[in-house]
Every structure is written in structure tokens, then in C-alpha cells.
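First up is the structure itself, then whatever we jot down about it.
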Amino acid sequence: MSTVLLIFCILSAITLATAFLTIFTKQPIHSAIYLVLCFVSVAGHYLLFNAQFLAVVHIIVYSGAIMILFLFTVMLMNLNKEDEVHKPRVTRLAAGIIFILTSLVLLAVFIQTKPIVGPYDETGVDYQSIKVLGQVLLNEYMVPFEFASVLLLVAMIGAVLLSKREKTEKN
Amino acid sequence: MGNILNEIGIENYIFLSVILFSIGVFGVLYRRNAIIVFMSIEIMLNAVNLLFVAFSTYHQDAQGQVFVFFSMAVAAAEVAVGLAIVVSIFRNLGSIDLDNLKNLKG
Amino acid sequence: MDVSIVLILLLAGTLVTLFSGKSAGKVALAFGILSLVASIVLLSDYNAGKSINVLATWMENPQIYFALNGDGLSLAMLLLTTSLLPIIIYSTFGSEVKNPSSFYSLILFMGFAMAGTFLAADGFLYYIFWELALIPIYFIALNWGNGDAKERQKAVVKFFIYTFAGSLFMLAGFAYLYTKAGNFLVGNLSNLRLSDQEQFWIFLGFFAAYAIKIPLIPFHTWQAAVYQKAPTAGTMLLSGIMLKMGLYSVLRWQLPIAPYAAKAFMATFLIFGIAGTIYGSIVALRQKDLKKLLAYSSLAHVGLIAAGAYTLTVDGVRGAVLQMISHGFVIVGLFFAAEVIYRRYQTRDISQMGGIRVQAPKFTSMFLILVLASVALPTTFNFVGEFTVLYALSTIDIWFAIIGGLTIILGAYYMLKMFQNVMLGETNAKPFADLTFQEGLTMAVIIGVLFFFGMYPKPINDLITPSIQQILNYTLKS
Amino acid sequence: MDIAYILLLLLAPFAGFLFNVFFGKKLGHNGAGYLATFAVFVSFLVTHFYFVQINQTAQPVTVKLFDWIQLGKFSIDFGIVLDQLSLLWLMFVTGIGSLIHLYSVSYMHDDENRHKFFAYLNLFIFFMVTLVTGSNLLVMFIGWEGVGLCSYLLIGFWYKNQDYNDAAKKAFIMNRIGDLGFLIGIFLLGHLFGTLDYAALKSAIMSGAEVDHTMLALAALALFIGACGKSAQIPLYTWLPDAMAGPTPVSALIHAATMVTAGIFMITRLNFLFGISSADMQTVNMVIAIVGAFTALVAATIGLVQNDIKKVLAYSTVSQLGLMFLALGLGAYEVAVFHVITHAFFKACLFLGSGSVIHAMHGEQDMRNMGGLKKWMSVTYITFLISSLAISGIPPFSGFFSKDEILMTAFHENKALWVIASLASIMTAFYMFRLLYLTFFKEFRGTDEQKHHLHESPALITFPLIVLAILATVGGLISLPGNSWLSHYLEPIIAYGGHSEHHLDATAYMLMGLAVVGGLIGIGIAYAKYLKKGEVPPADAQMTGFHKLLYHKYYVDEVYDALFVKPINAISTFLRDTFESALSGLVFGLGKATNAIGDSGKMLHNGSIGRYLFAFTLGVVAIITYLFFNKIV
């Protein structure tokens, strides 16, 4: 077993474990923290792929921005209590079954589609440095890129509008 | 640097992503807390992102990574709006228990 | 000039009227008359042999054309629409209309949709116009109708859903035809060689749409309630023009596309039509509400028209078209008479009328003429149509003519009974002012048309015959 | 030139109608009446001109005015034909029409709607002229329906009385039943021959073209039904007595002299059809003859006991029309025409005379309240007497000749029918003189106030009476036995050589004698009963037995009511109240069913997001499975 594979295994274990814990932990705050861990481990995966830029962005966006949002929300609502009632047993069982079902189906799909034969491509061409990515992003994907900014703007306005207290409430 | 997939194998990434994704699905179905459900959705998105990157490496093509950028942007927007909705639901109903939201009933 | 000019005029009229405030009625009338003039110009172009058709690609995929055809039949129906529109608009001038700009705008829009239905030569376009016509009448009946608002809404919504549901079968038919022909042009669809089985289903699908729209029994249950609840202008639009859409479509779309089915089931549909005639006449006998009575009389007449169309003979179809036009005029006149009474008595209950003749001789005379025209007295336009249809029926089987001809007797019975109860008898205690100039003019125009074409139907006949011949050639070729 | 004259003939009454409708009220007191009379008189003059002309040339005038209706196989034009038959009819339609218009000027002088009355009369003349002169069956149909319309308008002229309106409606609808028959006949003929033009039909039939003779006979039967409606034959006769609700001049003009003879005109016009010697057609002719004979008898029996002066005359009219149809059925067309003409004279005179009486009695029509009017109304009395003698068949009055011809024809063709017809004519003599005695003889039985007002009618009323009485006297001259001008005149019209003239042999004289004796017997009984014994018919409540049955017209109206009118109305009520809502419920039941399905579907959509999510994931899994594994499985 090579080092890389070992790292991969450890990372994967962390990823899966924290993901599970996110779901099973009763306290939302803990969930959020597990989720951060999960995201960080995913960033680790990115690093394994040598996609440093992506990894950084991932940490900034997910672990930084998104998780902060989550935490703030949780704190805002003062949900840090274990007062959540479990779903009925049948539902939980069904959820478990669907979990297995989804996994099996998706795996079957991937196995079914295309068997991988022979060694992987290794062209040696630089394809994932910041420079290349920047070129792709701002040449080929110029328009979607700009739209992404619009999307974020709209989302921002939407979020502000939604979370603003309604005036009627005061009356 | 050599192709990492030669050492790990794309299959492993596929397995990982599938299981991660399924965990997300499981979480959505399992929990009643809207925020946790949101988190599960984020997990699913990450699973997909991960696979994107894996295949990007597999094909030695940057497009997959570019896509991940976009998906992150969308995820950020989605979380912002979604959490705003959750907040306003909480304000109106005093709870974010999904099973209590029955206003969709026709 | 091509036929789209009329559509453009009507659509422009709709928009202009919408923003013309209090003078909406006059603006709408002006546009109505303009479109009439335009149709007459088109008619002369057509008679001079100029092409007035339109063919432009609208969508590449699916292949849909903006195709309008102005042949004799379409032009006749177009003229019916554009000549009745100004009459209907003018007829409302005597009564107060709330929110006039949208009211008249909707009327013009309805005219636009109906004219489009009569002109469209592409099935998809035709379907759009067909359904478009439903929207304005829905709002007209809902917002300007009479009676209890809740009941009115019920009746109108029923009507909307019922006719709409029927049309969906037609849409399914068109969708199937598209997969066969690759486009919706009526010429291509008529040239398809469908199997007997296919034709049967297509015919049935179209029949669902048309039988409800026309309406044939037993699909008529929406009719009386809506006629009663809708404002008179709406009733006029419905009975004068809209139900002709169904009959026209039978000729234009149903028969040529599914000729085998048309022939195979001719007897069935003749019986449908004739049964409707008798049924409508009998039910009309004991109606208490004037507008409902007229609704059932309309049911009786369209039954006969439909029977004429389904004879698949030149005479039958021609008679049906003539009858369609004449019925359009006469029923508008009769509903207007009901409106005249309503303006004075605020009721449509026949038992509360009577003894009007003494006070309103002019109105009585005109009403009587309309009643007589409706029972197809010779020299009126209706006689020409009814005679031709009955003659065609007799060439199929004399019994069809005899049973269909019972409408002559029953029609006279219920119309004269109605006339007697409404107009004659001891002088009514309530005062009844005779016709105003506006009312008189409206009725006089209608009566003039009825008599002129009753004595000289040749122009219309010459106009429609070639197209009917063509349609029947398609239908009878195989 | 012909066109101008013919348009004048046709349009003069129409112009009178239009003018009276729009400006009649402004024409002063009697202006409308004189204008209308003048309009009809103009038509009469034109008719006279052509009548003289055709007597010299024997050439019919045919004019095509314009194309009217096109059918696949043929087209129908609006054409006018003036031949012997139509001119003969026009002569008495416009002639008697003018007289009755003149009469009406005085009769209607105090009615507020005079101008309308005259307008309708003119319209009637217009349609009657159209009926008579049309060159094909459909133009005749215009007139045919048009006169029905005018009849409707005039019967219901006093529209404030709903009974009169009912009578008008009944007349129109009964006529329409006949009209349907007429239309069917037209369809069949059009289908068989591809034309409706008389001349073309005639040549087609006479040329012996191969046609389905059964269909032809059916067409003839259908046309006869049309004639039954218009000419008040069994079973469609009940409207005519009710039609007496109209003003009396109307009864005289429309319901005695002109319109009701339209059926006879039509059959005579189509004698080339009815005269075909096929077995089927003979059955049809037999039907016509039997219907005619029975109508004559039934109407005469009812007439025996009626007390309303106009009702008696109405039943008498039905009875006489029956005799005419008897003649038609036996193929004696010119005899029927002859009787039409003499009948028009004396029946118009009788009706106008009764109108004069009613006028004097201020609207009283019941004979039980009259009597002794001879004293006050000598002119009316004398003209009435002459006409009564004429209708009773007493020589030398016109009725004798025409009725005798019919009886003689019947005797030669079918003895049973002859017996029936003779019985009918004896009864005719009886009830006419019963009418005469009850009205003009003995003491006055009305109120004192009525007595005070009794007076002879003014000259405008008596003048037409006198003219008609003269015509009723000498009218027989146009067809004397053995030397008939009429038969000769109508020769071109009658397709099958005409009815062979009876030789004046012993049988003929014996029959004449029998007829006269029969008439005298009838008069004698009436004399004995009402003049000698001075009986007065009992009040309505005291009638018994057969008398009551007759008085109530065999309850035919009631039977029709129970058989047709009531069931139709009951069905209508049932359909309106029950069936319509059931049908509506059925159709909209579909909507309700959809609603019910939707309601049960609502259980699924309980708003629980959890459940939605389950459904969603399961769905996605299912779709993926389908997409990727359907080829394998």
C-alpha cells in the first residue's frame, strides 16, 4: 500500500465518518462542526489531486463562508438544544433502506457504464494550475462566470429581503 | 507529478462519492431539523464536486474543475437564500421542524 | 392585400379600445366597421381572382406555419363575423355598461379570435385561435353577466372547462396528425391517407370538440345556463358566431381529414343532428325564461345545420352554411329583442310579460318578423338554408327530411307561443316605451339582411359553392 | 313590357302594404282603406287585361324575374306564369278582394288599428297573387306560407283577446303541418325530376320518362296533405272554424273565398301529376275523394247545430271544400274549379252578409239572440237569401250548377260517395235556412238596447253584397251543363283530356231533379222546425245526446288536445325539469368523479415535506434504474 493510498484511506474515513456524525449528532452546533471537518477532508482530497487552488477556494467558501452562515443561523435561532423529536421508527427504517438502495443503484450504474481498462492518461500537460484555470474560466466560460456574479448578487438581495422582518408584523 | 489515479484508482473515488452522496440522501430523509437537512444537501453537493474533480484528473481536463467553481457559487447562493428562508420560517412559526410545515397541503 | 389585415385591424382595435376610456364603445364600433369594410374589400379581391392567402413560417421545429386561407367558405364566415361584430357592439349602446373600455376591448378580441379561427389554414394556429376565443367570452360572461354572481360563476366555469376539455381531444388528434404529416397545413392533412382505424379516432376526437362547441345533444348542457347568465352581447357572440366555429370546423377540418369515418358514420351523426333538432324544439316549448327559450331554439337550429353538414352532399353543406349565416343574424336579433324587453322590465321571465304590443307597435312588428324568420318563413334568409338542408336530407332518406321537418311545426309552435305570451294580450300595466332610434336601427339592419338574402341568396351561394365543392372532393375522393 | 305589368300586378298590393304600414296612420280616417282598395283594384285591372288577352291568344305569359335558390341538381328561379288557371284564380282573388277591401273600409271604420288591418289585407293579396302566379312549386310555397302568415295576423287581429291569439296560433301551426307535407312533396318531385317548374314537370311526366311510380304517388300524397292543411280537410280542418275569431271581412276573403281554395288550386295546377293512371296514384286519388266526401259530411253535421252565425258558415265552408276535393279525387278538375268560383261568390256574400248582421248587432254572433232582422235590414236579407239559395243548390242560382256537376261526377264514379255527398248537400240546405230563419225571421230576441240600434248597413257594405249576390245568381253561366265555357277555357291546363262532359241524358236530368228535391227537403225541414214551430236552439247547458256531441264538434279538438298537444307539453315539461338536469348531472358527474379522485389523491399530498422527499428520492432512484437497466433486464 503506497503512501498516497494510505492518505486517501484516512481522508476517506474522516470524510465518511464526519458526514455520518453530522447527521446523527443531536446538537446542531456539533453537526456544523462535524460538517466543517468533513469539508476540510474533502479539501484534502482536492490537494491529493494537486488541485491546490480548488482546495483553497473550497475551504474559503465552504468552511469559511457557508459554515459561518450555518453557525450564525443556528446561534440566531438558539437551537443548541437536544429537543428535536425523532422521526417515527418506520420512517427512520425507510430512510435507512433508501440509503442502501441509493448506494447500490448508483454503484451499479457506475460499474455498469464503462469498465476502466489500462493505465490512466498522463499527458503531462498542465491543466490545473491557477493560470490555466483562469484562462479557461475567463475565455471559454466568460459568460457563465459573469452570470455567476449576477446570481450571487441576486441571492444576496434575496437573502436580505427574506430575512428582513415584515412590516405587517409590527402592526 | 504522476497521475494520482494510477495509485488510487478512479473506482475508489467513485465509491467514496457514492457513499457520501447516499449519506446526504439519508440525512435529508432522516432528520427533521431544516438546518441539518441543509447540511445534508451540502454533503451531497460535495460528493458530486469530488467526483467532478476526480474525473477532471482522469481526463486531464480543466473543465471539470471549472464546473466545480460554478457549483460552489451556486451552493453559496443557495445556502444564503435557503438559510434566509429558514430564518423567516423560524420567525413565523417558532420552529424549523420540517414535519410541522404542512402549508403545502392543498 | 391579404386576409391578415382583418386580424390586424381587430387586434389593433382591441388595444386602442382598451385605452380609450369612456368613448370605448364608439372606438370599438369604428374598428368593427373598419374590419367589415376590410373584409368586403377582401371579398372583391377574392372575386377578382387575386390571392389573399398568407403563408409564413412561424416555427421551424415543430414545423408550424402562420397560414391564413381566404377561400369562399372562410370569407363567408369572416363576413358573418365582421358584420355581426358592429351590430353587436352597436346593440349595447342603449344600456349602461360598466367598465366599457375592457368590455368592448374583449368583444373585439373575441372577434379577432373567431376571425382567426375561420381563416387559419394551419392546424396549430387554428387551435390557438379556437382556444383564444374562449378567454374573452369567459370574462365577458363572468364580469358583465346577470343573476347571482356565484351561480353565474358556476355556469361560466362549467362552460369553460367543458368546452376546453372537449378541445383537448382535438389537440390530441392534431398531435397525432402531426406525427404523420410533419406539419399542420390543412391541405397536407387532408391529403394524408390514414387507415380506417386512425380516421375513426381522429373523427371522434374532433367530434368531441365540435359537438360540445356547437352543441349537439347530449353535449349541450352548458348552453342554456350560460346563455341565460351571460350579458346579451356575450350571448349574441356565443350564439351568433361562436357556435358557428364548431360547424365551420366540421366542414373545414373534420370531414376532409377523416372522410372514411365521415361516410361510415354518416347516418349516426345525421340522427344526432336531427334528434337535437327535435329535442331542442320540444324542450323550448315550456321554458319560462326568454333567453333560455332562445337558447333551446338555437340548439334545435344547429342540430339541423349539423345534420346538413354531415349529409356530405353539396346541397346539404351549402344549406348548412347558408343556415349558419342566417341563423347568426336572426338569433342576434332575437336576443336583442330579449334585451330590449329587459331594458324596460328588468326581467326575462315570460310570465311577467305580455300585452306589450299595444304600447310598442314598432317593436312588435320587428320582433314578429324575427320570430317568423326564425321559423323559416319563405322570403327570409332562414328559409333558403332550411329548405336546402331539408332537401339534402330528403335525398339521403325521405324519413330524415320528414322527421327533421317536424322542426317546422314545432318551431312555429314554440316561437308563436312565446310571441303570444310575451307580446300579445291585454295591455300590460307596466309602461313599455317603443323602440329608440338606436334599437330600431339595430333590428332594421338585421331584418334587412334577412330579407335581402332571403330573396337573393345567389351572391353567398356563388361565393361558398366552389370551396364546398373542393372540400367534398377531398371527402369523397377515396 | 310584360315584366312591368306583372310587377305592377304583384307589387301593387305590396306597395299598398308597405305604405299602410309606415304611413297608414297619417292618411286620415279612411285613407288607408281606400288606398288598400285601390292597390288591389290595380291588380284586378292588370289581371283583367291579361284575362282578356289570354281569351284571345290562349298563350300563357311566362316571366323569369331572378334566380332564387340553387341546388346541386337544379336551380329554382323566381318566375311568374300567367296562364288560364292562374288568371282565372287571379280574377276572383283580386275581384272579390277589391270588393271586400271596400266593404272593410266601412266595417272597420271605428277600429283604431285600421291601417294595419288594411296593410295585412294587402299583404295577403300580395301573397295570394304570388301563390297563384308562381311558375314553380317553391314560389307557390312562398305564397302558400305567406297567406298562412296573413291568416295568422288577421285571425289574431284583435290581439288583446288571448283566445283569438290561440285561434291564430292554431291556424298557423295546423297549416304548418300541411306545409311540411307540401315540402316533402316538393323534395320528392325535385329528387325525381330535378326541377320544380310546372312546365318542366309536366313535360317530364307527360313524356313518360321512367320514374318510380310509387315515389310519385307518395309525392302526390304528401302534396295532398299540404292541401289538407290549407283547405281545411280532415284531419286538419279544426283551425278553420276557430279562425272565425278574426274580423268578418277576413273570414270572407281568406277563410272562405281565396286562401282555403289554395289546396284545390295546387292540385289542379298539378293535375298532370295527380291524373297519372298508375295503381298507386289511383289509391291516392281515392284517398282524396274519400277524405273530401267525409269532410263534407262531418262538417255538415256539425254545422247543423251551431249557434254562432259565423261558425255555421265556417263549417259550411269546410263542407263545401270537401265537395271540391271529392271532385278532385274523381279527376274532375274543372268541376272543382267551377265550384271554387261559385262558392267564392256566394260564400263571400254570406260572410259579408253575416258581417253586416254582426255590425248591426254590435258584435253579437249568437243566432239565439237574433231574429226578425228582415224588417231592419232588407238589402242584407235579400242578398243573404240569394246566396243561401245558391249554396243549397236551387236553380237557377250558381251553386246549383256547380254542385250538381260534382254530384253527377260522383254518381258516375262511385255511388257510395254520391250518397255521402248528397246527404251533405241536403244538410247544407237545412242549416243554411236554419240560419236564415233564425236570423231574419220571427221576433227579435236580443236586448232592447240592441234593438234600438238596429239599422241597415251603409252603402259601402251593401254595395259589395249586391255585387256578390248578382254574381252568385249568374255565376253558373260560365259552365252550363252541356255547353261549358269553363271546360273549354281550362282545356290547355288539364293534361289528360279533361273530364268527359256528361251528356244531358235522362240520368242527368234525374240527378238534377234529385239534387233539387234534396235541397228542397232540407229547406223544408228547416221551415217546419224554425219558422212554423218557431223553435229556438236550446242553451248550451240543456243540450243532450247526439245534439251535444255535434255541438261540441265530435270533441275533435279535445281529442287532438289529448293526443298531441298535451303529450308534447308533458314531454317538454319532463325533459325540462327531469331529463335536462339528469343529463347535466351525468356530464358534470364526470367533473364530480374527478373531484372525488382528487380528494383521495389529497391524502398523498398531506403537505408533509418528509413524505414528499421520500417520494422524490424513490422516484429518482426509479428513473435512474429505468434509464440504465431497462436494456439489460
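Labels A, B, C and D are assigned to the chains in the order they are written; within every chain, residues are numbered from 1.
We take it that a contact is a pair of C-beta atoms (placed from the backbone, for glycine too) under 8 Å apart; a residue touches a chain by one contact, two chains touch by 3 or more.
A quick note: this is a predicted structure, and the numbers were derived from the prediction, not measured.
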Result of counting contacting C-beta pairs for C-D and B-D, higher pair: C-D
Chain centre separation in whole Å, for subunit D relative to subunit B (CA means): 94
Subunit C and subunit D, separation of their C-alpha mean positions in angstrom: 36
Chain centre separation (subunit A, subunit D; CA means) in Å: 99
Whole-Å gap between the CA centroids of subunit B and subunit C: 60
Shared interface positions of subunit B, touching two or more other chains: 25, 29, 32, 99
Shared-contact residues (touching 2 or more other chains) in subunit D: 610, 614, 617
Multi-partner residues of subunit C (each touching 2 or more other chains): none
Chain-to-chain touches, reported pairwise for every pair that qualifies: A-B, A-D, B-D, C-D
Touch list for subunit B against partner subunit A, complex: 1-8, 10-12, 14-16, 18-27, 29-33, 35-36, 38-40, 42-43, 46, 49-50, 53-54, 56-63, 65-66, 68-70, 72-81, 83-88, 90-91, 96-97, 99
In the complex, subunit B residues that touch subunit D: 25, 28-29, 32, 98-99, 101-106
Residues of subunit D that touch subunit A when the two form their complex: 610, 614, 617-618, 621, 624-625, 628-629, 632
Residue ranges of subunit A in contact with subunit D within the complex: 87, 91, 94-95, 98, 101-102, 105-106, 108-109, 112-113
In the complex, subunit A residues that touch subunit B: 2, 4-5, 8, 12, 15-16, 19-20, 22-23, 28, 31-32, 35, 38-39, 42, 45-46, 48-51, 54, 57-58, 61-62, 65-66, 69-70, 73-74, 76-77, 79, 84-85, 87, 91-92, 94-96, 98-100, 102-103, 106-107, 110, 116, 119-123, 125, 127-128, 132-133, 136-137, 140-141, 144, 148, 151-152, 154-156, 158-163, 165
